[in-house]
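Each of the next two complexes has chain A plus one more chain, namely chain B in the first and chain C in the second.
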Partner chain A sequence: MSARTTYLLLFLPALAMLALALYPFVQGVLTAFSDRKLYYDSSEFIGFRNFIDLFADDEFRDSIFRTLAFTAGVIFVQIPLGLGIALLLLGQSWFRPILRSTLVLPLLIPPVVAGLMWKTMMQPQSGILNWLLSNVGIPPQTWLSHVDTALISVILIDTWVFTPFAALILLAGLQSIPPELDEAARVDGAGALLKFRAIQLPWIVPFIVLVALFRVTDSLKSFELFYATTRGGPLNATRTLHIMAYEEAFRWSSVGKAMAAVFVLWLMSYFISMFLMSKWQRRSGVHNENG
Partner chain B sequence: MKFDHLQILKSGSWVSAFAGAALLGASAAAVSQDFDWKQQNGSSVNALLVSHQFVEALRPLVPEFEEMTGITVNLDVLAEQAANEKLLADLSSRAGTVDVFMTSPLNNWQYATANWLEPLDEFIDNPALTSPDYDVGDFFQGVLNSNRWTRVPMQGIGEGPLWALPINSESYLLAYRPSVFQELGLEVPETYDELLAIADKLDTGSAEFGLITRFDKFWDLPYLTFGTMLQSYGVEMIDADGNLQICSDASVQATDDFVTLIKTASPEGAGAFTWYEALQGFASGQYALSLNEADLFAPVYQDPEQSEVSDDVGYAPTPLGPDGTRKAGAWIWSMSINAASKNKDAAWLFLSWVTSKDTMIAMNLNGNMNPVRASAWESPDVVAMVNSWGETPGQYSDVTATMAEVAAVRFPPHPELTRMLDRWAQAVQEVYFNGTDARTALCEAQDDIGKMFN
Partner chain C sequence: MKTAKLPESAGRALAQVLFIGFFVFPIIWIFLMSLKNFRDIISYPPKFLFSPTLQNYRETILGAEGTLQAGELPEYVRFLLNSMIISGGAVCLAALLGIPAAYALARGGLPGRKHIAFTFLSFRFAPELMIILPMYLIYTQVGLYDTYAGMILSHQLICLPLVIWIMMSFFQDIPIEIEEAARIDGANILLTLRAVILPISGPGIASAMIIAFIFSWNNLIFGLVLAGPNSRPVTMGILQAMTFDQIKWGLMAAAAMVSAVPGMIAATYLQRHITRGLTMGAVR
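== the complex of A and B ==
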């Protein structure tokens, strides 16, 4: 086969894939600049009107804030927790393989199912969580059903589902530390804390950035858990950008406005992930030089 | 903004049936053997349905239809929200995958605007497609005609093409635990004032909590359940002069009283209760009273397999408002045919069979309440079943008859109505959760809703 044929054979599928990815994206962006409603056949180009309306709306700005708060909560809880679990799983012991395989179980459960499961457990009157708390003398919590606790509760559920992901990546990072570094630390008589601070933590920084990259982009777009647990409520306590866009499109048929909200979400996701990517590349670059 | 007020469910249409008069049930003109049920033999129909007692009642009967017609029926049953999304995707793409689907007048105001619905009059009037014993006059005409609309926003309900056929009808009532009221020495409240006066006592007996009702941030709150309270306080979304009444004095009063009731007599978490939690909550026996919830939950309350209160449940009309008025919301589950369907005749055969007298009665007996045909209310089996419900024989029938006199859709037909009512519900939730002054929250909602008409 000539080189030209090979290129042609590669070029056509690549072009098709690019077109398939770009077409819906471009279509979506165009819709964001229109007044398209599902129930009207015609729609008009209205420039930035959808964006102007959205940013003039307090509720939209609040939903951006909620989306960022959720993402920050997820990162600040799941990375330290995942790191803790990874440290516990490091090393050789008969129970560790068992722990490692049970650790991934939450990841195998679809988020919608996990959401429904936790919604049942968090039910204030009949849920098992409040029953457990009552046994140790802690008053019942409102969990998902109150504006003050709903977002935190969704972060907790997300933590249950996705912390194993953080733990697995960080465990892989810890296991990639060259044994001679460990050995040197032991010979020098370094304690666990010093070893963690001087060797393990610096080594796994690129892994932490990698986990952050995945979890940040996933959390910004998070939908299933919210949909299964609160659908944005109570009131608007868990109405993130994605839930808001969903309501615009599927409750109110206002596709133009929904696409505008999604476009803002895409921009946030794009810039934050680009920033993290640059950090990750820089850090893993350091690793490669050292390694 | 002018709204021609039209009460959809003319009281006569429901009440005469309860009185047992066969006024509406014109006798069948001919026997069905003459009709060719096999005309679409070999075709198939895709039905998109919402998870509901109606579906459970329908499912066992479908093989009968398939055998009679040779049509294969594929039932796609989803939770309400998921079904709506799937339907919206199918209708708006005009893919025509779904042939027939569950809907309601409220949803159809949007679907009909978009030309997504097939008008049904021509099918009904065509003797080649409709069995002679179908008898459309047997439907309660108020209920049937709620599915007619001229497609002119803000007017013309009950007129114009028929977009759907009703499959059941729902209004609202009080369900209570006689044993708890007796234990506490309390009377079932007849007015909201009486209810407010006893609200803090309802959980002092063997019921763990006082009252339950749905209270989420969606349109069903002002449209149906809390809507029943609002209307009894004299609040309609738009008054006879075409003015929005969302932050009127009466609306503020009703909202304050509603929030007080929830705060006094409902548990933490009540601000997120959907109809499902309301149904399960009362059936679980934890509550003394279910406030203004759907009357068609009764088959679940009465069923010992699904309910802890099957031998301890009574029904009463919804309370009277401050000036002695009682009005109530109405919900009519219906079925429509997709205008983009490629099997419209087969879909119509299925729809006309589902809504035929015999199928309807069989489904009514199997939990699909409340009947929308006069013949069902004349069926001795249906009457015997319904008469057994309640604290005393006939209590449920009497209460639903009372409610039928005052149940109506008192909202303007408009494709944006669900968005407007969602906004209204949000204001009520702001009062409950944030302690926002009711007038402030409702007037802000009214301003927002006013803009949605444009």
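== the complex of A and C ==
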């Protein structure tokens, strides 16, 4: 048996699994062009009807906008905050292991649990957050229960869960800076700010791109935090594309339309992730040959 | 010099304490809530001092008094068992399929291997419903809906890309000279993999499997769409504390704490490989 055959045999089962996953994918794309309902097996091909209907609907365009606004909010808060935490963790400290454990905890507990925890704390009347705010003289907030504050509140929860992700990756990036570079900066008498601008920031650009890749794609499809906290409410204020698609399918049983909505979401996230992935590979080629 | 450094390090320490507070406080607060009786939970201003009770945990694990038939398992325990079967099965299957595949992808020089590897990765980035909504339609037809087999199969979408990409990055880090030495001694690829590669990748395999288990365990949307009364996972069990007309806060808090145990254990003991796991092997 040649080496190549052996490798192929090792690989075959996983490849079969891949084929098994591509089947529902193709099936799903076809469904997006049909009038399939949840409880009827038969359906007809209706061309772009679902897509035309969706884009004619203000509510659908709003949910695209909400999805993008959520993603933008997540990126602009979590990357700078994560970078700050990474810099904070960079120095030696006896309780660094505790800090790191603390940091990974939100990432490893179920998102539903994180969502429910914060929903509890954000109760407008009895929640602890408003009580804490009242102690420092800030008026109570409506958090998840009001149209104007709901999406921002979910961004806050998402920040609690996922900023550690940004921080850990950026910390790994900062730690990969060769000691010679640090030493050179010290010899030249560069202060902390100059060192950050001239050495640390340029070095971690590929790591920032990597964080963006994961955080953008995960936020576009974010589902579980929304489902655990608002389920799209109040008054659709947090109804993102993924939540909308779920409701179309399981509440209104319009599977065809739901698939069309997910397909739009998939296209968005596919092109954005391809773009970021190409950027990341080109950038990371500089100091990581394995890419 | 010393005096100039002091305020800076004091500021640093303060910032560190603040961020520990931000990340730990919610978990501590819900833990306290799980130890409170109903009156303490709804009291305002919130109570930090109270006489703790294990009633919520008792009711979660043993079921509400007088509601169980003889020999029947409480609902939440069934959810826990379901999750153990589904996530345990899914991780074992993913390791069985994924480790040889990762090795072949890392070393085999297969044609188009980059594309194949990225196709696996693309499932990590795709919205879940894109696959599992059509999967639901297929499952209801072929009888896989609400079965362990169906759930384990679908959880490959979570576990398999993780195992393949993490293990690929581990195998690429092993110096190829080790393998060449074994090959010169006459070992074929399978023997090299079994006797040389697998033993030294033990820690890597373990951490890949643990991370895959956690993500499978923590998942909600697969269970929401593909599971019914027979196979609902633990994450759905927590949501059940929110009934139509009221939220049983104490029960919800206790159920949430119990379901978060695997993640908490991993957070404590799995420091070394966590970044690799979270980035699918992109950051070593």
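As a convention for this text, the second predicted complex is superposed on the first by the 275 of 291 C-alpha atoms of A that agree within 3 Å, B and C clash if a C-alpha of one lies under 4 Å from a C-alpha of the other, contacts with A are read in each partner's own complex, and residues count from 1 in each chain.
The working rule: a residue touches a chain if its C-beta (ideal position, glycine included) is under 8 Å from a C-beta of that chain, and two chains touch if they have at least 3 such contacts.
Since we're looking at a predicted model, the values are computed, not measured.
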item: Chain B versus chain C as contact partner of A:14, first or second or both or neither; value: second
item: Which of chain B and chain C A:100 touches, first, second, both or neither; value: second
item: First, second, both or neither for A:125, with chain B first and chain C second; value: both
item: Chain A residues touched - chain C or chain B, whichever exceeds; value: C
item: Contacts of A:40 with chain B and chain C, given as first, second, both or neither; value: first
item: First (chain B), second (chain C), both or neither touched by A:230; value: first
item: First, second, both or neither for A:145, with chain B first and chain C second; value: first
item: Touched partner set for A:253, first chain B, second chain C, both or neither; value: first
item: On chain A, the residue positions that both chain B and chain C contact, one per complex; value: 41, 125-126, 250
item: Complex contacts: residues of chain B adjacent to chain A; value: 81, 84-85, 88, 92, 110-111, 113-116, 208-209, 216-217, 267-272, 284, 286, 415-416, 418-419, 422, 426, 429-430, 433-434
item: Chain A to chain C touching residues, read off their complex; value: 1, 3-4, 6-8, 10-11, 13-15, 17-18, 20-21, 23-25, 27-28, 31, 36, 41, 85, 88, 91, 93, 95, 97-114, 116-118, 120-121, 125-126, 128, 131, 160, 164-165, 168-169, 172-173, 207, 210, 214, 217, 220-221, 223-224, 227-228, 241-242, 245-246, 249-250, 255, 258-259, 262-263, 265-266, 269-270, 273, 277, 290
item: Complex contacts: residues of chain C adjacent to chain A; value: 12, 15-16, 19-20, 22-24, 26-27, 29-30, 33, 42, 44-46, 96-98, 100-101, 103-105, 107-110, 116, 118-120, 122-135, 137-138, 141, 153, 156-157, 160, 164, 169, 172, 188-190, 193, 214, 217-221, 224-225, 235, 238-239, 249, 252-253, 256, 259-260, 262-264, 266-268, 270-271, 274-275, 278-279, 282-284
item: Residues on chain A engaged by chain B in the complex (per definition of touch); value: 37-41, 123-126, 140, 142-147, 230-236, 250-254
